[in-house]
Amino acid sequence: MKNILIISTGGTFNKYYNPKDGSLEVDNSSKYIKQISKEWLCEFKIISIIGKDSLDITTKDREEILEYIINSKYKKIVIVHGTDTIDITAKFIASKNISKKIILTGAMTPFSIKKLEATANLASAIGYIKAIRDNGVYISMNGDIGDYREIVKDRILGRFICI
Amino acid sequence: MKNILIISTGGTFNKYYNPKDGSLEVDNSSKYIKQISKEWLCEFKIISIIGKDSLDITTKDREEILEYIINSKYKKIVIVHGTDTIDITAKFIASKNISKKIILTGAMTPFSIKKLEATANLASAIGYIKAIRDNGVYISMNGDIGDYREIVKDRILGRFICI
Amino acid sequence: MKNILIISTGGTFNKYYNPKDGSLEVDNSSKYIKQISKEWLCEFKIISIIGKDSLDITTKDREEILEYIINSKYKKIVIVHGTDTIDITAKFIASKNISKKIILTGAMTPFSIKKLEATANLASAIGYIKAIRDNGVYISMNGDIGDYREIVKDRILGRFICI
Amino acid sequence: MKNILIISTGGTFNKYYNPKDGSLEVDNSSKYIKQISKEWLCEFKIISIIGKDSLDITTKDREEILEYIINSKYKKIVIVHGTDTIDITAKFIASKNISKKIILTGAMTPFSIKKLEATANLASAIGYIKAIRDNGVYISMNGDIGDYREIVKDRILGRFICI
C-alpha cells in the first residue's frame, strides 16, 4: 500500500450515530478508515480533510482536494467522498487533466452502521488503482468500478450502477 | 461484475463455529460470499467446489479447479482458497500458462468471525482483476496484491506480506 | 419465556438507517427483537404497536399501551420504548396501580447500529422481571434496574443512571 | 452494578480465534466481559480466574471458585463458566449451602464470534440476580433462568432448555 494515498473528505462513509442527540455526524479523523487498515492487517497513508456531508461540499472544498492531489508525491490516490456529489467532484478533478490515477469511493450506509459495504467499496478501489495503467478519474461503488462517467448513483435503487 | 467468476473452494474464509461440538467447519455453499454480495449491493457469479481446509487439498482437487478455469467461458476468475496452500495451488495453475486472469484470495480469520478482513481481501481481488491487463496468476491478501510469487504468508506475523 | 409479553412501541431501539435518504426510521415490525430472540436461541411473545420515536408519543398512545397491558393475560410485561419519554409513560402506567409486573426498556443507540447495548437492556429486563416479586413499574437501562422513579436519563452522559 | 461480583472462569464465552494456527483459545483477562461493560455503558466488578475450557475444570478449580465466593464481601455473584460442566460446578457450589445468591452463565458460541447470545446470557443473569430474594444457585442461559437443577444443556438442540 506504500504508493497509494487515501484522502478522506467525509461523507456518509465517515458518519456515526451520536446517542446524546440522535443525530448522524461526520467523523473527520478517518477513524473508520484506520479501523479498516487495522482489521485488514495492512497500512494506509491517509489524509483527513474537509469532513463534510457531500451536499455541503463547495467549489472551494473541491479546489482544496485538487490542491492535495496536485501537490502530493503520490501518483495513485483514493478519495473517500459523500455519494450525493461524488460525480461533481469527479468531473471537477477530471477537467484538470492531471497525470495521475484517481479513484473516488464512498458508502451508501455509514461504516459505523454496516461495515461491509463501505469496506468493500474502499478495498475494491484500492485493488483497482493498484492494477490500472491509464491516468484518469474513476469511481468504485457497489462492485461497479470504472471511468467516473459510467458509475452513477441510482437514488431509487439506493445503490450505484454502471451505465 | 458480469464478466467475473468466483470459484469458492473452502478454506478459513468459509469456516464457521459449530456450537454443538465447538469445532470450526467449512461451509461449502458459499453462503458468506453470497452475504458479501448482498450487503455490497451487487451480484456475483459463484461456483462452490471442494469445500475443504486448504491443508486437505490434493492434487486431484487442484486438477478439478483447473478444469473449471479452463472450461469456463470467463476470462477473469477469482478463487477463494485456504491460505496454507494457496501458493501451491497458484503455482500449479500458473504452470499451465492459461490465457486468463486468475486471482487467488482467502482470509486469515473466517468471515463468520470477523467480516472485515475476508471482505476486503475479496473486494480488492475483484477491483484488481477488473483493471489488470496481463494474463497471469495473482494473489490478493491483506492489502498486498500482485504476482502470486510475490505475496506470501508470514506465519509469525499471521498475515500475508509482499516480498 | 412463556409467561412474559414484550410490547414494542418503537423508539431508538427500533430505528434503522435508510440509505436512500440518509434518515433514521422506526421499524414497527419488531424485526430487531425477533433477531435477538433468534440469536439468543429462545422464543419471545411480541406485540408491535405505535412504532414511534418517543418524542412523538401522545397521551392517546399511552392509553393504547395501557389497554394492552390491562387486557393481556400476561402478568409480566416488558415494554420497549423510546428513552426521551420513557419516564412519562412509566409514570402514566404506574398511576393506574395495575396488579402486574411491568418493566420498560429501550436503547441509547439503535440495535441496528450497535447490537450490544440494546440487547443487554432487553435481556436484563427479562432477567429482572422473571425474578421480581412485587407488582410495580420498573425501568432497565445500561445495567441499572429498579423502580421507574430511580432510573433516569442523563442527557449529558448519554446514558441512564440510578439516582 | 455496585453490589454484584462477576467471576469469569473461562469457557466458550471467553474463546477467540487465533489466526496464526487456526485454533480457538480461552482469553483469561475477561476482555470480552469488559467490552460488554463498556458498550452497555455501565461498570462491572470482575475477577478473572482459572481461564479454562469447562471440560478441563477440576475439583481443585471448583474449590478455588468456592473460596472466592465464600471470601468475597459480595452477596450476589455471577459466574461465567463453560457450558459442558456448568451443571457440575453449580451442584458443587449448591452442596455447600452458602447464604448468597449465585448465578452461573456462559455461551454456546464465543462472544468474539457472535456477540448477541453471550451478551444476553450475561445481562439476563445480572437482571435476575438483582431481583431475586432467595439465596441459592441459579443458571441463566438462552432466556431460561432459574434453579440450577432446572436449566440444562440440550446437546442435540445446541442450547439450554428449562426442564
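Lettered A, B, C and D in written order, each chain numbered from 1.
Basically, a residue touches a chain if its C-beta (ideal position, glycine included) is under 8 Å from a C-beta of that chain, and two chains touch if they have at least 3 such contacts.
Every value quoted in this text rests on a predicted model; they were computed, and no experiment measured them.
Undergrad: Among all the other chains, which ones are in touch with both subunit B and subunit D?
TA: Per touch definition, common to subunit B and subunit D: zero chains.
Undergrad: In terms of CA centroid distance, which chain is the most far removed from subunit A?
TA: Of all the other chains, the one whose centre lies farthest from subunit A is D.
Undergrad: Interface overlap for subunit A and subunit B, more than half of numbers shared or less than half: same or different?
TA: same
Undergrad: Which integer distance in Å separates the CA centroid of subunit A from that of subunit D?
TA: 44
Undergrad: With chain centres taken as the means of their Cα atoms, state the distance from subunit C to subunit D in Å.
TA: Taking the mean C-alpha position of each chain, the two centres sit 26 Å apart.
Undergrad: Please report how many Å separate the Cα centroid of subunit A from that of subunit C, as a whole number.
TA: 38
Undergrad: Spell out, as numbers or ranges, the residues of subunit D touching 2 or more other chains.
TA: 108, 114, 158-159
Undergrad: Pick one for the touching-chains graph, please: line, ring, star, complete, other.
TA: ring
Undergrad: Any two chains that touch count here, so list every such pair.
TA: Result of the pairwise touch check is A-B, A-C, B-D, C-D.
Undergrad: Which residues of subunit B touch subunit D in the complex?
TA: Per the touch definition, subunit B meets subunit D at residues 12, 17, 19-20, 22, 24, 108-110, 112-114, 155-156, 158-159.
Undergrad: Would you tell me which residues of subunit A are touching subunit B in their complex?
TA: Per the touch definition, subunit A meets subunit B at residues 1, 36-37, 39-44, 108, 114-117, 119-133, 140, 142-146, 158-159.
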